[in-house]
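Note that chain A is present in both complexes that follow, paired respectively with chain B and with chain C.
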Partner chain A sequence: MSVLILDIVTTAAILFTVATGLMIILGVMKLINFAHGAFLTIGGYAAYITTLAGWSPWLAIPFAALVGLVLGLVVEIFIVRPLYSRPLDAILATWGLGIIIGQLITIAFGREVQFAEPPVSGAVEFLGLSYSTYRLLLVMVALIVGAGLTGLLYFTRFGLNARAVIMNEDLARGLGIDSTKVRLATFGLGAALASMAGALITPLISVDPNLGLPWLVNSFMLVLTSGVSIPGLLIVSLLLGGAQVVVSTYLSPIIGGLTIVVLAALILRIRPQGIGWGGS
Partner chain B sequence: MMLHIKLRVLSGAAALGLALAQPAAAADTLKIGVPVGLSGANSVVAPSVVQAAELAVSEINAGGGVLSKQLELVVADDGSGAQGAQKAFDSLVFQKEVDVLISMETSAARNAGLPIVNRGKVPYIYTSFYEGRSCSPWMYVNAWVPEQQVAPIVDHFMSSEGAKSFFLIGSDYAFGRGMLEFTKKYIETKGGTVLGEEYLPMDGTDWTAIISKLKAAGPDAIITSTAGGAPNVTLTKQLRAAGVSIPYGNLAVDEGTARGMGADAAGIYISASYITGIDSEENKKFLAAMEKHFGGDLKTPNDLSVPQYEAVYLYKAAVEKAGSADPEKVIAALDEVSFKGPRGEISMNKQRHAPLTMYLAQVQADGSVKLINSFKDVDPGEQCPNL
Partner chain C sequence: MSGETLTAPMAEALAAPRAQLHRVLRWGLFATALLVVAPFLLDTYTVNILIRALFLAALALTVDILWGYTGVLTFGQSAFFGVGAYACALVFTHYGFGPGWAVFALILGILAAMAVGLLVGWLAFYHGASPLYASIVTLALPIVLTQVVFAGGRYTGSSSGLSGFPTYYWDLEVWFWIAGAFLILVTCLAVLFVRSDMGRVLVAIRENEMRCAYLGIPVSRIKILLMVAMGAIGAAAGFGYAAFTNVVAPELTGFLLGTELLIWVALGGRGTIIGPVLGTIAIDVTSSYLSGSLPFVWKLIIGTAFVLVIVVLPQGLLPELGKALRRLLRRKPAPRPVPTLQVTASKPPGDEAEIPLVVEGVERHFGSLQVLQGIDFRVGRGELLSLVGPNGAGKTTLIRCLADGMEKSGGRVVIFGKDLGRWPPDRCVALGIGRKFQAASIYDTLTVAECLRLARYRLERFSLWQVTPVLQLPEAALRIVKETGLAERLDVEVRHLSHGQKQALDLAMVLALEPSIVLLDEPTAGLTKTERERIGGILTSLVERERLSVLLVEHDLNFVRQISSRVIVMHQGKIVLDGSVAEVVDSALVREIYAGSSHPVTEAGA
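This part shows the complex of A and B:
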């Protein structure tokens, strides 16, 4: 039973970490970033490069975030910004961008599976159980990311501006907030979070050009049901991630793989605005 | 602009002329069609298979060919799947009019290609290990089936590691399920028990629940059969991250992937009909020839590429025995010939399949693969009793 609880909590932590980047961008920019999966992949390859360079595996995390940030800023300026007034086209553009990034990675590194050194390995005694050290570590990471983002949104000038843009962009601009800058910073932050998440999950998965793809759909579903708020995302990660673990354990892992998508569709049918309080 | 177009038409006509001129010369060549997955799931391994075929062809041609005819390779991409295979087989059999098909392919591609082979009446040597029991009057197989691969691992776990209870994990597709269903039956006939048999979809990455079930069941040993590449790696990483250290047999990992996985792969048992460390004259000669022929572009020879190399020689032997490349005579002769290659003496005389020497090896901490035991001429069992 306690294994089940640990499985649920760690699965939720992974889902939360993976989905935050997508949520930040959707919340502020009203843009569904379909290149999210590609940014996860980039994080995985950043971890691989860290291993190639012989650096400490811990460095993979900041390095991936930095690569994601730079790339996010460039993408925002050259691809997303010219399409501000055409939101649907902007979504399509991120879709295309995801494909392009995937192909560029294939050209640079090949189709095959690559290996990145994990920062820790093996299991640890926890509550009288032997459990994966790294998964427990990811729970800490998820809490830090959640707390950091909350702090950023509620206790900084950027956060204030971002919240103003979320609530009413025209009014915020009228009050002298440079919404272009807020959008730029948001996209950079979202891409950095996604890329960092990619590096964080590599010790549990394989690094290949399609690394991010399976995570994109689940992230998307979680973000939509979360009502685009940090506590909301935390709750749906626990709820839907927990349901996935329970179904996989007691029914079948094959059906477990569908749980998040099916439950998210049901939740959205009943509450189109998601479960959270943050959304409009 | 006009001139440019004219030139193109001219060069097109020239190419056509060349193409028309070819059949005249074709009498002196035997064409080997190689439909193979240069793109898609098999794209990682396909280049090594093509290289092995190229070496065999160039060696045979240098030695005077087959019945004084030169061999010619015609490679076609089948996209690793059924749709691509239909196109590839169709064009090889009916347009290129190859004399024989020799290739490693996914089961889906093979099943899609077989009706075309039967219609075109072309001998086909299938060189990939697979789940078994695929039969056609026009097909021979020189790679392993579950009967040959599973026994070495299970027997070793039971006798040397004292394992009585097993846990099986796989990817949810024909090969993954086929292998583990056979493994389960085999363990039970040997008096062992299977505590659990779990599958994840091919693109699944989260093995959390399955690993927790495994730990709760507390088996003596674990055997996995996932799709190659990513699922294999994610499962191994997550098993190791969860601290699973019981004997671990992997039916789907090749030597190269195991090497790349680093510390996580240490201790994994693999069972194959070819490993690079086979200590024989033929294998050393083969490895040296590959190295010389391809230099820096060499793809490491493996359990899929070596059967391809040997199959070209088996075809040569069959044509020479039959005294012609006539398809029906070649099919009859393929049953009787043998070739001593890197994997030893190969003869496809057991219901279209080949008894093979199987090697049980264990991945070491430094990534090398250590030979634990070899099992001589393991029988493929009942595969195609009606042929």
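This part shows the complex of A and C:
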């Protein structure tokens, strides 16, 4: 039972960390970034490169974030910016971008499965159980990411501008906020978060050019169900991630893999705005 | 009309659908001729991969009709393909093989796909659903189906799929002809369909779904039926694919094939028929050729081209090529057919004995903000009631509550004795409500005639394969069309009209609904004095001659004075005065509200 609870909490933490990059972009830019999966993959390969280079595995996290940030900024300027007024087309263009990134990675590293060194390994005694240290560490990371983003949105100049853009972009522009810059920074941040998450999950899974794809769909569903808010995302990660763990454990892992998608689609049918907890 | 001999334009209009049919038939025959000789000119390998591409092209067409024409971004069309393919494989593997079994498997696949389409449509399309939600459901669909196949164990072959089941090992040419004939049939039907009356409805839904609902078009039902029909075609294509290749795998139902279809359609040209067909064939065949030598680079090129097309050329490559070719040949695009106008007797709905509109205690709040409270009034036959009041008084909100049952937070709206309840706008139209929006919200890419016809959806049969050569309009609508010069511009796309003509067209569309109660939100805003007087004349004659009830939101008190039979004054979400023109317009209260005094309501007791 305790193992189940730990599984639920750690799974939720992983889902939360993976989905935040997508959410921040959707929240501020009203844009669904279907290249999110590709940014996760980039993070995974950043971790792999760190291992290849023989650097400390801890370095994989900032390195992945940096690569994601730079790429995100470039992508925003050339691909995302012309599509502000065509949200459905933006989904497609970012999906196409994901294909490009996936193919470039395949050409550079091949299709083989690779492994990245984890920063910590083994198990610790926790609540009288022996549990994976790394998964517990990811819970800490999720909390730090959540707190960090909240702090960024509510206690910084950037956050103030971003919230103004979220509420009313035209008015924000009228007040002299450079919404183009806010969007650029947001996309960079979202891409950096996604890459970082990619590096964080690679010790749990192997690295391959399609690493991000299954996570993309789940993140997308979670973010929409959350009502695009940080506390909302925490809650749905726990609820739907928990449901996934329970179904996988007691019913079948195959059906477990569907839990988030199906539950999210049904929840959104009843409440199109998501669970809407904690405002926007 | 019936007694007259046919005028020249009328005869021309009547001949147009036949000419259209002949054109499609000529192209179909040309394609068939190509199909017959192609296998003798091409090598075996090419014929082999072409057969698969032909089936996939038919599937891509269904994506195009849903996404390119109707605006439903679907990731899940592969699921229907997979259902058809697995119906074939499962029946042939586990139950039996032969002509009877083949027909059974085909029908089974189509019915199953239609059932899935119905479920998806019911989930995705309801009044007020965001376009994104449909994409979410169509994204979930192939993922779920793929997992179902995985969970099927030995029955479905799980991740390795089913292969080697008995099938018809006909010569390659025969399969090529079957696949080609299927594609040509689907393509010809698709061309006729998208250019028909109904095809224009699809475009209208893509351009402005909400406005369609207010024209009495049951948008959700149309989308659901379209999903079912496209599912059936997709399943038939999947069946053929499986029967030919003799292999089915979970990838056929998968999300990745679903996105590939979008890429083919986007590159070929969404919202055209031939573009996606040629796009699919070209890309799929090239992929097969390059899969050995340059698999990753080819996919990289396709991905790059896709992003470029979406960002820079959203209409796709083929339409651009076509435009360039036409410019080179100095040929103009084929003109859109122009119907002849005919007057029809208007019989607005509503029981003579009942009061047209009764509003009882209607409320509207947004969270804690009360926008309307305790609104009570009635409108009788032949009344022209003006709603006046300062900005923010709740006039437009009230109009909205009358035309869409979902809008109000409380109270009752009764039309000819029938409670509006929570009915969506298209059902309100059937009760006799016609609403004109403040800004002329019409369909930029449709012609004047096409827009007018849309308003007739509830009243006429819409053809699925041709443009009906006659456009019937009630007298009032026809009068506007003629007096404002729209009658001479029936084939002009709406975006080329002047502001005044757009407003006139919008009003003509509302009147073409043959409403009993007309709701007009500032119909004269931004019009010249002549245009305004013309509209005033039309409104008063509607009320006097046809005994319609008209509810008008208006700021121009002079205009109100000229045409109204009654005036209601609203302020801060309440009705503060309700009386004849003389009583209201000259009252001290109205002057005060408009002058902006802060406590007008306390004086209203007088």
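Keep this in mind: the second predicted complex is superposed on the first by the 276 of 280 C-alpha atoms of A that agree within 3 Å, B and C clash if a C-alpha of one lies under 4 Å from a C-alpha of the other, contacts with A are read in each partner's own complex, and residues count from 1 in each chain.
As a convention for this text, a residue touches a chain if its C-beta (ideal position, glycine included) is under 8 Å from a C-beta of that chain, and two chains touch if they have at least 3 such contacts.
These numbers were taken from a predicted model, which means no experiment stands behind them.
**Q** Check the residue A:262 against both partner chains and state whether it touches chain B (first), chain C (second), both, or neither.
**A** second
**Q** Once chain A of both complexes is superposed, is A:79 in touch with chain B (first), chain C (second), both, or neither?
**A** Only chain C is touched by A:79; chain B is not.
**Q** Counting only touches as set out at the top, which of chain B and chain C does A:271 meet: first, second, both, neither?
**A** Neither: A:271 stays clear of chain B and chain C.
**Q** Between chain B and chain C, whom does A:203 touch in the aligned arrangement: first, second, both, or neither?
**A** After superposing on A, A:203 lies in contact with chain B but is clear of chain C.
**Q** Check whether A:181 is in contact with chain B, with chain C, with both or with neither, and answer first, second, both or neither.
**A** neither
**Q** Is A:107 touching anything from chain B or chain C once the two structures are fitted on A? First, second, both or neither.
**A** A:107: touches chain C, not chain B.
**Q** After superposition on the shared chain, which partner residues are touched by A:117: those of chain B (first), chain C (second), both, or neither?
**A** first
**Q** Does the superposition put A:249 against chain B (first), chain C (second), both, or neither?
**A** first
**Q** Could you give the residue numbers on chain A that contact chain B in one complex and chain C in the other?
**A** Common to the two interfaces on chain A: residues 254, 257.
**Q** Could you please specify the touching residues of chain B with respect to chain A in the complex?
**A** Per the stated touch rule, the residues are 43-44, 172, 198-201, 203-210, 212-213, 215-216, 229-230, 232-234, 237-238, 240-243, 257, 260-264.
**Q** Flag every residue of chain C that touches chain A in the complex, lowest number first.
**A** Within the complex, chain C touches chain A at residues 73, 123, 128-133, 135-137, 139-140, 143-144, 147, 150-151, 255, 259, 262-263, 266, 296-297, 299-300, 302-304, 306-307, 310-312, 314.
**Q** Which residues of chain A touch chain B once you look at their complex with the stated criterion?
**A** Listed in rising order, the residues of chain A that touch chain B are 3-4, 7, 10-11, 111-115, 117-118, 121-123, 130-135, 203-206, 208, 210, 213-215, 244-245, 248-249, 253-254, 256-257.
**Q** Going by the contact rule at the top, pick out the chain A residues touching chain C in the complex.
**A** For chain A paired with chain C, touching residues are 32, 79, 82-83, 86-89, 91-93, 95-97, 99-100, 102-104, 106-107, 217, 220-221, 224, 252, 254-255, 257-258, 261-262, 264-265, 268-269, 272.
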